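Chains here go by letter, A, B, C and D, matching the order in which they are written, and residues are numbered from 1 within each.
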Amino acid sequence: MFLSETTSMDPLFLVVPLVVFLPLLGILVNWLFGKRLGEKAIGTIASLAVGGSFVVSLILLFALRTDPQGFSVPLMQWFTVGGLDISWSFRVDTLSVVMMLAVNLVGTLIHIYAIGYMHEDAIHQGDPTRYRRFFIFMNLFIIAMMILVSADNFLMLFVGWEGVGLCSYLLIGFWFDKGEGGIANAQAGKKAFITTRIGDFGLLIAIFLIFWAFGSLNFGDIFPRVGEVAANHPGLMLAITLFMLMGVTGKSAQIPLYVWLPDAMAGPTPVSALIHAATMVTAGVYLMTRSQALYLAAPAAQNVVMWVGAITALFAAIIAVAQFDIKKVLAYSTISQLGYMVAAVGLGAETAAMFHLVTHAFFKALLFLSSGSIILSLERAMEEGAQGSGSHATNIDPQDMRNMGGLRKKMPTTFWVYLVGALTLSGIAPLAGFFSKDEIIAAANNTNGIIFVVLVAAAFLTAFYMGRQILMVFFGKARTKAASLAKESAPLITVPLIILALLSIVGGAINFPGWLNLEHWLEHTIKVHESTFQLPVALISLSIALIAILIAWLIYGRKPLAESTSKDPLARSLGGVFTLVNQKFKVDELYHFLFIGPYEKLADFFAHPVDQGFIDGIANGLGNLASETGSWLRKLQNGFVRSYVLSIVAGIVIILIYLLVRV
Amino acid sequence: MELVILTFFPLVGVLILVLLAPQQKNAMRYVALITSLLTFGLSLWVLSKFNPAGGINMAIELPWLRLANVPVEFYLGIDGISILMVLLTTFLIPIAILSSWNAIQEQVKGFLIFFLILETGMLGVFLALDLVLFYVFWELTLIPMYFLIGIWGGERRIYASIKFVLFTMSGSLLMLLAILFLGINAGSFSQPTLMANRQLFAGAEMLLFIAFAAAFAIKVPIFPLHTWLPDAHVEAPTSGSIVLAALMLKMGAYGFLRFNLALFPEASVRAAPVMAILAIIGILYGASVAFMQKDVKKLVAYSSVAHLGFVMLGIFALNQEGVAGGILQMVNHGISTGALFLMVGMIYERTHTREFSKFGGLWKVIPVYSGLMIVVTLSSAGLPGLNGFVGEFSILIGAFGSKVLGSPWFAGVATTGVVLAAVYLLKMIEKMFLGPVTNEANLSLKDLSARELATIIPLVVVIFWIGIYPQPFFNLINPAVEQLLQLVQSAAMVLH
Amino acid sequence: MSQMSDLLTILPVLIVVTWALLLLVVDLWIPKQKKGLTALLAVIGLAVALGASLATSGSTTLAFNQMVVSDGFSDFLHILFLGSGMAAIALSYDYLKRMQIERGEYYVLLLFSIAGMMLMAQAYNLIMVFLALELLSIPIYVLSGFASGRSISEESALKYFLMGAFASGFILYGTAMIFGASGHIDFPGIAATLHAGQVNPVLFVIGAALLLVGFGFKVAAAPFHMWTPDVYHGAPSSISAFMSVAVKAAGFASLLRVFMVLFPGLADQMTPILWGIAALTMVMGNLVALMQTNLKRLLAYSSIAHAGYILMAFVSYGNKQFGSESISAALFYLLAYGLASFGAWAIVVAMEKDYGEGLFLEDLSGLGKRYPWLGTAMLIFMLSFAGIPLTMGFWGKFYLFRTTIQAGFLSLALIGILTSLISVYYYLRVVVFMFMKPGEKELQVNPWVGLVIAVTAIAVIAMALYPGVFVAWANQAVMLLQ
Amino acid sequence: MPTSFFLALSAIMFVLGILGVLLRRNALVIFMSLELMFNAANLAFVTFANQYQLLTGQIFVFFIMAVAAAEVAVGLALMVAIFRNKGSVDIDQLNSLKG
């Protein structure tokens, strides 16, 4: 079962399976003993498990410094059939370790945050027994994510890919009996799973194509031979990469399959932060970066990727402008930022994509977790208000920014970290987001002018909606009773926020212009273009961002919203356009009209007229035909001797006539 | 001799049951359970002696009768294709018996007797290498199942049971004609002998293929011959559904492998695209129809159409990945769908309904049941790490590169079935377990009892086992499939 | 050729006839309450004849100037007839008492009829064929109407009588034509003339066709079958049982022998006719049986259908290579069918409340649950009829279809398959009523009837486990056919 | 006279017999028609016996007559029984068994 080690490698590499097995251990302990251990212990164990994984990743980082070419650490044979020989090996190279580090670092912080957050959330949602389940699912997610990033072949990658999808499904619908009509959360989970599965269809096809083109699914067998195979089968690389892109659009929420991500905000906030902002959704970017060799062999596909990313970046940013739900804004922002990363891959700037991936993981996790802190605080305030007044509190939506306002004073820590996150996202120098986004825009500037414009426009909108959000949430006056009663969250929640804020501030150092640590690090694994710092581009994007924030202040800061029911100032001026954007361009409705509705009709047509009516009707019809004929023939048997005799005579006559004709 | 003992061992239980008085219900249940467990033990004993590379193992060949100088033999043997089916059978029967423990209270004796006869019949089907003997066993499974549905079934049980018999018989009678034709033209009914003397009936290969395929296609069932299946499944008692879905459908797919591919390789190659298209229609159509069902059991029943579509696609990919994947998927479907029916039965025992509209939010009320059911459903949806994935992936990758099918379009279209499977299975999860509890009566539901856990846990263990480490299964399958495909490939060479 | 050996050749027939005559006399002294004694004596007579038949079997002899023959074929059928006779008596005893129609002549007539059948199997001359036919038929006419005063019994008797005589007319006229064509009525003579090509072909063919009609009537082949359901329905059930097996077998006996010995040269003309008759019989029997609610009528139509299956194999009688196969398959099938048929009719006998009453399918409701053994037996019979393994009926159909396919009549075999499928439906309907519908019917099964049920049920299954013996037996019977 | 004349007569008698059975309703008349058919056969036998100068044909006729007599006995007895029951021997009234 277990393969022996093949080449001489630093024994430190052999710890890599622990990135999977530590969280597994966490699950087992929590599953078997969690009930007796209590909430704190459960959370601690889960966090320690992920933290352990992070430590392992650090060890691997250390090991790679001496052996930067990386190793494949075999664990076990999975299955062999025909030409398909799949083993579970861990690929330890500079790329996968970057992913491991980012995921485990953010993951650990979010786990710690969730100890406090889920305690309150579970009480608020009315089922504390699910606390343990939450951490089991979270650890399961880490396992799947680790399998994904450490995979040595496309199939194991797919295993992780589906695994994170499952965890996403389970965690979006974690409060499966809540949401609109009690079912909205569950439906959001379903939507996420099915939409990404549509993408997985593409990924599967890509894997099939790869297998029959290369005769293997192992990265080590495929990437070195791309040139040779591409020469023999022109067009094949295009097909592979485009189908793979389909998978990416599903998982990384790109046009046209992005629609699940906003709904996925139904999950508890740590889930949104971990899965739907920092890690899982970036898997597509990782996949394309990993498969860089294939994309390089298909320039047309690269173009498509670039356009998909860029358009998504702009499109999602537009939608984000008109949202009121604090998490929905962040969700569209995530889609938009993922668009940047995808565009970067299309531009051939994989390093920039990875750079942005990492910084985005920091600041987006920060933003989500902070929003969670706000939501929690509002929920708490709502309940206190209800108790204090003795009457039923007016049940407001604790995620609607119109119900907030003036939180700057009440939640100072949260405000400051949120501000850091927002500025980072807006691309304000010298925060991390500035450098990573700038690298992408610079790459666009080198390659394609239109893309450059699109991305800059998106950057403008990004800064604008973040400004709008900050102003609506933290400035002005409290627009509801709950907002006025809000209090700062406990340290268990705020400490991870502060750490993430620090990471967001200094994250730019990872690939700081001139040092280019990440680039040099990754060039052992993928092909890297030396990126240059273009001052004009940096100035343009910085000034665009500042202008956008200024405009946001002009609209939302000077005259803050007065009441939670008052109209958005933009809505006043833009009218119908704003409504359309607020309704997300009715894309969900469009998809329902174009795909879901027709499929349901078709399925219903199959199920009833076709299956029960026609196909079964034929079978039953044959049976009826036989019995009808039988009834009819039965009438011949009328009991009269003379008709029986007639039948005999008729028989004879026919026989005789036949014989006379023949003889 | 091992195989004779294995095949007929359940009849020992039948003999003991016959002697028990009708009131001794529990004693009868224990007799049946122990008999079936011992049979499982025997099958493990056979497994321990089995050599995957050795072709047909433990063959026993005895003269039975002669008709016009053509011998009909009592010929049993086991190879890599049949051993998994045998193990699946002996593994599931005790579970099915255990699942009927409380559900069946009327005529317990008859029920258990039919069950054990059914086991012998199915083992015979998987082990027989003489065509006539195969046919005898094939039909022998029919009558017990007819009674299981007809006596212990639901409201429309009589309609469903007769439909089941008539559908099956209409195919198998055609097969009988083909068997007779083979016997007349080749002078033997023994499958290995016929394989060696294919030239004697080469002229009629296509017709023979069709006749055999008719019998097996109905059993599998392949679209559009599937309409007996939802009726039979819905009306059958839980244990009957388990056996029907998990084992009896496999008889059809097994028949394709053992007879259609082995005896008529050229016709198989020629018919492969048509069979693949039917399989794909089955996948998409089954999934779509399943999606529209309002009854859990019907949904699971139609999901079988879709899953068996994958199996058939794999088989008619006619390459190692496809066929071996198909065989593994047969096992997977047996385990997963068996478990699904088992669990649907458990909830039916509690609520006496299977309508989606009567459920909702059960995860909150009965978390153990719900958790296990979700695992089983996900395995049915082909989630990696659970059993369904390995088989499906192998099938699809095989079909994708199949030289016989000649086009990746087949697998490409079939792969959309993976999406559709998620659509209807997640609908099932949502309607049953998620959302608020809409039906007051469900608030007092009890979670699984120890007996029920004992039935479902072994299945879940296998679900994880195959999902995580399927290699032992492939080790059993691969050599036999290689041998089979050599034949097919030489036939394909002749054709192209 | 000595007188003694002549008598020895027909010894079993002789025993039955003599026994019948003696019994007729003895019965006068048996008091009315003790008619069971007559029945017992009749059975003993049949047993003695069976012993004699077994003792004299194995050799092929011609006797009485080649009027009769004793060969493997007749040995096989003798056993079948005598066994049927015993079974019929076992069914009758209690039944007659319950229906209050118990009279000693019943058994005597039965013995005469059996004697006629046995002679039929041995006949080697058209005179003998005719005489044997009448000897078997006339007692059956009487027995059908034995329930005097019951109008359905009388109706059935008259119907049977009139149509039977009508059919006899055809056999006679056909015999006359053959005599006219060849100048012989003895089999060897006709065969020799035919072989020499000295027959008038037109007369000969017409004669053969008329004979076919006559025999077709006896075996209940369509379109000459229409008497069957009415007669089986109206006659005492024990007699219907006897008719459905023994009379049919006797009809086939003469059909097989006459066609094999006299008309192999007419295969060209006869085969298409037989093909048509076989197909029509299978279709008619099975389709009309679908809609029956009365068990007796259902079994009647089923017996028509089975005649069709036997004829299906018989279509290829003229084939030099496989002709004997077809006879052998037919004999084997008769055996298989006879067992199941007696069993099923025994259940009818057990169920019949008052004359002709309590025989609807609904009356079977719940029987299987209440009397599992009885239900199982009926299940076995129905499965055997339907040709489902592992029953004798399966092997019977297996053999028949095999012969048909071997002879190249694939389309006929397909019709057979299709109609078999239809038959599955109505046989299973019987099972449905027995096992799947609730009912609380009380049943008193007489031990003798129970014995018949048990023996036939066990035989249908047990013989099917190792059918080779019986196949070999049927083969042997045909090999020794003269 | 040539054989064919006798045969033609025989055939006509046979057909008349058949028609009688087909068309008449009274069981007795039907029975007489049956006898006509038998006698047609007898005539044919005698004719052929004459043609071949063989005794067998004539012997056959004797047997036929004897058997016919036996049938008459049975048939008449049946009719008497039915007449007692129903007061008629019209066969068109005998159709309680059907279907």
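For the reader, a short list of remarks on this structure follows.
Just so it is clear, a residue touches a chain if its C-beta (ideal position, glycine included) is under 8 Å from a C-beta of that chain, and two chains touch if they have at least 3 such contacts.
Everything quoted here is computed from the prediction, not taken from an experiment.
Centrality annotation: B (chain centre taken as mean Cα position, compared with the mean over all protein Cα atoms). Remark: chain C and chain D have CA centroids separated by 26 Å (rounded to whole angstrom).
Taking the mean of the C-alpha atoms as each chain's centre, chain B and chain D sit 65 Å apart. One finds 97 Å separating the Cα centroids of chain A and chain D. One simple way to say how far apart two chains are is to compare their mean CA positions; for chain A and chain B this gives 37 Å.
For chain C, the set of residues that touch two or more other chains comprises 158-159, 162, 166, 229-230, 425. Counting only residues that touch two or more partner chains, chain A has 623, 634, 637, 639, 641, 645.
Multi-chain contact residues of chain D (touching two or more other chains) are listed as 21, 30, 91, 94, 96-99.
The list of touching chain pairs reads A-B, A-C, A-D, B-C, C-D. Residue ranges of chain D in contact with chain A, taken from their complex: 18, 21-23, 25, 30, 91-92, 94-99.
Interface of chain A with chain C (complex): residues 623, 626-627, 629-631, 633-634, 636-637, 639, 641, 643-645, 647-648, 650-652, 655-656, 658-659, 662-663.
By the touch rule above, chain C contacts chain A in their complex via residues 158-159, 162-163, 166-167, 170, 201-202, 205-206, 209-210, 212-213, 216-217, 222-224, 226-227, 229-230, 269, 272-273, 277, 284, 287-291, 422, 425.
Contact residues of chain C toward chain D in the complex are 126-127, 130-131, 134, 138, 141-142, 145, 148-149, 151-152, 154-159, 161-162, 165-166, 168-169, 172-173, 175-177, 179-180, 183-185, 229-230, 233-234, 292, 297.
Chain B contributes residues 163, 166-167, 224, 226-228, 285, 288-289, 291-293, 319-321, 324-325, 361, 363-364, 378, 383-385, 389-390, 393-394, 396-398, 400-401, 408, 411-412, 415-416, 418-419, 422-423, 426-427, 430, 433-437, 469-471, 474, 477-478 to its touches with chain A in the complex.
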